[in-house]
Structures are given as structure tokens and as C-alpha cells.
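See below for the structure under consideration.
Chain lettering (A, B, C and D) follows the sequence in which the chains are written, and residue indices restart at 1 in each chain.
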Amino acid sequence: MPEPSPDLEAIRRHFATDRFAATNGVEIAELAPGRARTVLQVERRHLNSIGIVQGGAVFTLADLAFALACNSRGRVAVAVNTNLSFLKPTPAGTLYAEATEISRSRRISSCTVRVTNDSDELVALFQGTAYIKTEPFPPRTEAE
Amino acid sequence: MPEPSPDLEAIRRHFATDRFAATNGVEIAELAPGRARTVLQVERRHLNSIGIVQGGAVFTLADLAFALACNSRGRVAVAVNTNLSFLKPTPAGTLYAEATEISRSRRISSCTVRVTNDSDELVALFQGTAYIKTEPFPPRTEAE
Amino acid sequence: MPEPSPDLEAIRRHFATDRFAATNGVEIAELAPGRARTVLQVERRHLNSIGIVQGGAVFTLADLAFALACNSRGRVAVAVNTNLSFLKPTPAGTLYAEATEISRSRRISSCTVRVTNDSDELVALFQGTAYIKTEPFPPRTEAE
Amino acid sequence: MPEPSPDLEAIRRHFATDRFAATNGVEIAELAPGRARTVLQVERRHLNSIGIVQGGAVFTLADLAFALACNSRGRVAVAVNTNLSFLKPTPAGTLYAEATEISRSRRISSCTVRVTNDSDELVALFQGTAYIKTEPFPPRTEAE
């Protein structure tokens, strides 16, 4: 079962409809087979109770890059496990997430996402495991 | 170095100032020493591109419960690593996160957070590791 | 595709041929659908350079319980991701690992493994994610 | 509190006394500040019930590289959480673990360990979080 040829533009348009990511200001910057990059301009609404970017904002940024990378081959993949290490607090500026698919078997995709700041310092490291469905893009949507 | 006696009401007020959690509708439901509960009423803005609650929304819900539980002893703790397994997709309804501190040494707090839906089904499982500072509550805030 | 009826005795015999676990003294104590228990009698050979049970010994104990639990339904499952928190050092005695399958979809099994000591204290917590193959037990073995 | 100047030879000798790693054939190949490399020659005793290297053997290999890397600055560090993704099964040959300390604060060290085979393929990825004690090398050993 060869992987379908991915329509990267369609995949990008599809993920641009992610309401939670869009509402929180996470933007898609790049998408290529097995790689993706997302960006977050830090605002006051992203901060936690001690004035640094909340873990959930970092996760949302990294998770969208992960979803793009593991879906970039044209087959639908869904997250099953994620691991996130917080390395450096971020009070302001821009955050960048760079996802790389480090391994792909017929049914499992593994991606590493590096989250960096304006000084190119590593602020968080994310490891994601996704299950690859047989279903090609675009995926079925849950009825609302 | 005994743990300071925690002022749970002050801790709860402090975490209520978490802008990212509050903006995204995550509410604090309960707080006790070593235990916390948060709630999220799912709305369209929490959904991803296939119409289920986005991973970042689940993370934000679980992470606030984790932060409350590991800070509930009256000493400031900060997240260093989190692991999140996605077990069941959620298209609508309410999500609940119940954090329990399963282990606490002088410097490390480990918490498990169970995320459940309206039918009390487990939809996600979160494991968090925090570093406990010597600093008592309230923590210093980053200058803005 | 209903799950095949599991032959628990055959599954137990199969995992008893795990050379690495057996060589290191890990024993299978119990096996039931979605649950398994393994035991390790701590000896000097299990200790690390500071005289406590080495992380790899704790992992091997927990991992065998995980493998048993996710394979206990009669379909072959393979580990894709594991997370292990070390909560309490163990200098001697017996360690017990109790695995519970907390979620099972058609292709993914998630198990939690609690590792306890003789005083029933939690010394480690393990979370495992496995991919479920279509292949029923016994699995194909790699040619040597 | 500046970090003590590390005596790499003493650190290496100390970790060579790890009985569990030594008994299972894990060898220390390289040690430098923030970096370490370990090696395992795969034998039949390292295999699991389907004839591939057991997860516990991969963990033990990666964990020793992690322990060396996070202790390589001359201050005692202890593992608190580890995450291990299994990417490719290994039936025979040699396995190499390369640990890199990707972040170090006053009290937390984070290391990534890549496990590769003879063909330089990535077979596993390990992420470790350690707590750094104030205690300099050599660490106190548990009385036996």
C-alpha cells in the first residue's frame, strides 16, 4: 500500500481550520513532506499566573507542527502520545516550533518538535507519536 | 525544612490569574492538599480541524490541574516534564481533569491527571513532573 | 473484527521465553485479560553505581508487565512509546509491577504500570502505548 | 554556586561500577562534558520472546548514556523521568547510544539519547530529565 502523493496545499488549508490553534494565534509557517513549522507571537493572553508563556500555549504551538508533519504524507494520522519538556521560561517575544518526522512505519509516525525563541534558544522539546490511518486526506469530520 | 502551611484560597486566587487558561474557558473546580480539579465546557472554539477537542485544549485543562496540585502544599513548583496520552476523541460536552500528587520528595513533585468526559470515560491521561523551589507562595512574577 | 478469544496460558508461556527478562530475574506472577503482574527479587546484580536498583531493571520489570497486559486479549501488540517516572530509590527487597490496560481501541492499547516495594510504596510509575497488530497469538519470531 | 570542575576519568570509573549495566554487557565508549556514548553488542540473552532486542536492554543502554551525560559536569544528578520511543526492531548486531545534554539549569538537566544500529539507523529515541543535587562527585553510596 504505497502512500498517496500528498497535496501539501490542501493539507495546509485543512489545518488552518483548526479553531483552537487559530483562536490562540498559532500560525502555520512552513509545510514539507515530514517537516512543518509553526509560529506564535507572544501576547499577554498567552501568559500564566507568573507572567511567562503558559504550558498549554507551548503545547498548542508544538502540537500543530506535529500534526502537520505526521499528516504531511497524505494519509490521516492522529496523536496517541506526546511528551513535552519545559526547558526555559518565555516572558515575551516570538516562539517557533519546528517538527521533524524522525521515523515512519506503515502505521506509526514519530516526530520531534523543537520550540525555540527569538534568540534561537531551545525553550521546549516535544516528542509525538501518531497512529496512521488507512484513510487518505481530507479526513472525515465529526458531525456537529 | 518543613513545608509551609498552605493558604489554599490564596493559591486558588493566584492560579485564577492564569490568562491563557482563563481565556480558553478552563475553570478551577476544587483544590485540596495534593489534589485539584479543573473543568472545561467544550465550545466550537476548542475544536480542531476534524471537529474534536484539540490536544492543546486538553493539555491546558490537565496542566492547570497539575499546577494547582503540585503548588497546593504552599511552596512554588514549576513543570519540567509532562506526558499526555490521548485515549478517546471528544466532539462536545464537558471535560474534567482530576490531578493527584502521587509522589513528593523535597524537590520533585509527580502528579497524575485523569481527564474524563460527561459519561465518566477516561479520554486522556497526563503525567507531570515538577521541580519544587524553596520559594513560598505567592511566587515572584516576571516584570512585564 | 472481533478480538480472538485469548489463550492466557499460551500467552504466559510465550512471554516466559523472553530471555532478557528471564536472565535478569523478572518473573510473571499473574495474567488476566487487561491485567498482569511481574515480580523482581532484588539482588546485587540489579544495583547501579550508588547501590540502588538500576533504572533498566525497573524498566524491564514494568515493561514485561506492560507487554503481558497489552497482549492479553489474544492479538499481538508491540510497544511504541513508554514513559517512566522514578519516585523512590530501592536498595533491596522485592519489586512488584502491576499493569492495567486503561484504554484499548482497535489499534492502540494504553497501559499504566505501578511499581511498588515490599512496603507497598509506589517506587515508579510507567505509562506504555502499544500498537495492536491484526496478527493473532502466537506471533511470528525473527529468524536468528 | 559555580559547577565544580569535573574529573571525567573519576566519573567514568564510578559508572563502570554499575552492576546491572555491566552484567548486561553495556559498555561506556565516550564521556565528555554534556555528552556520552555507550555500546551494546547484541547477544541471544538480550532478545525478547519474538527474537528482537528487549525494551529493557535498549533502556539500560540509553539510561547509562543519560546518567553519564547529566553527571558529566561534576555534580551528582539523578533521573526523575524518562521517555522512550521504540522506532525500529533490532534482531542482531551492535547498538549505540549517544546522549546529549540539551538543557541544564541550576537543578534540572535534560538529555536526549539517540540509539542507533550498525547501519546508523535510529532505532530508539530517549528523553531524560534529571534532578541535580548540590552534592559533588563521588556520590554517597547506599549501605548494603
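Everything that follows uses one rule, which is that a contact is a pair of C-beta atoms (placed from the backbone, for glycine too) under 8 Å apart; a residue touches a chain by one contact, two chains touch by 3 or more.
This one's a predicted model, so the numbers in the text were calculated from it and none came from an experiment.
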Any chain in contact with chain A as well as chain B: C, D
Selected interface, B-C versus C-D, where C-beta contact pairs are more numerous: C-D
Size of the rotation, in steps of 5 degrees, that lays the CA trace of chain A over chain D: 180
Selected pair, out of A-B, A-D or A-C, that shares over half of its residue contact pairs with B-D: A-C
Where chain B and chain C are represented by their mean Cα positions, the distance between them in whole Å: 29
Whole-Å gap between the CA centroids of chain A and chain C: 31
Geometric centre distance via CA averages, chain D-chain C, whole Å: 21
Touching two or more other chains - residue numbers and ranges from chain D: 80-81, 83, 85, 110, 129
Complex contacts: residues of chain C adjacent to chain B: 83, 85, 87-88, 102-103, 105, 110, 112, 122, 125, 127, 129
Chain A - residues contacting chain C, complex: 80-81, 83, 107-108, 110, 129, 131
Chain A partner contacts - residues on chain B that touch it in the complex: 14-21, 23-24, 44-57, 59-60, 63-64, 67, 78-86, 89, 91-92, 139-144
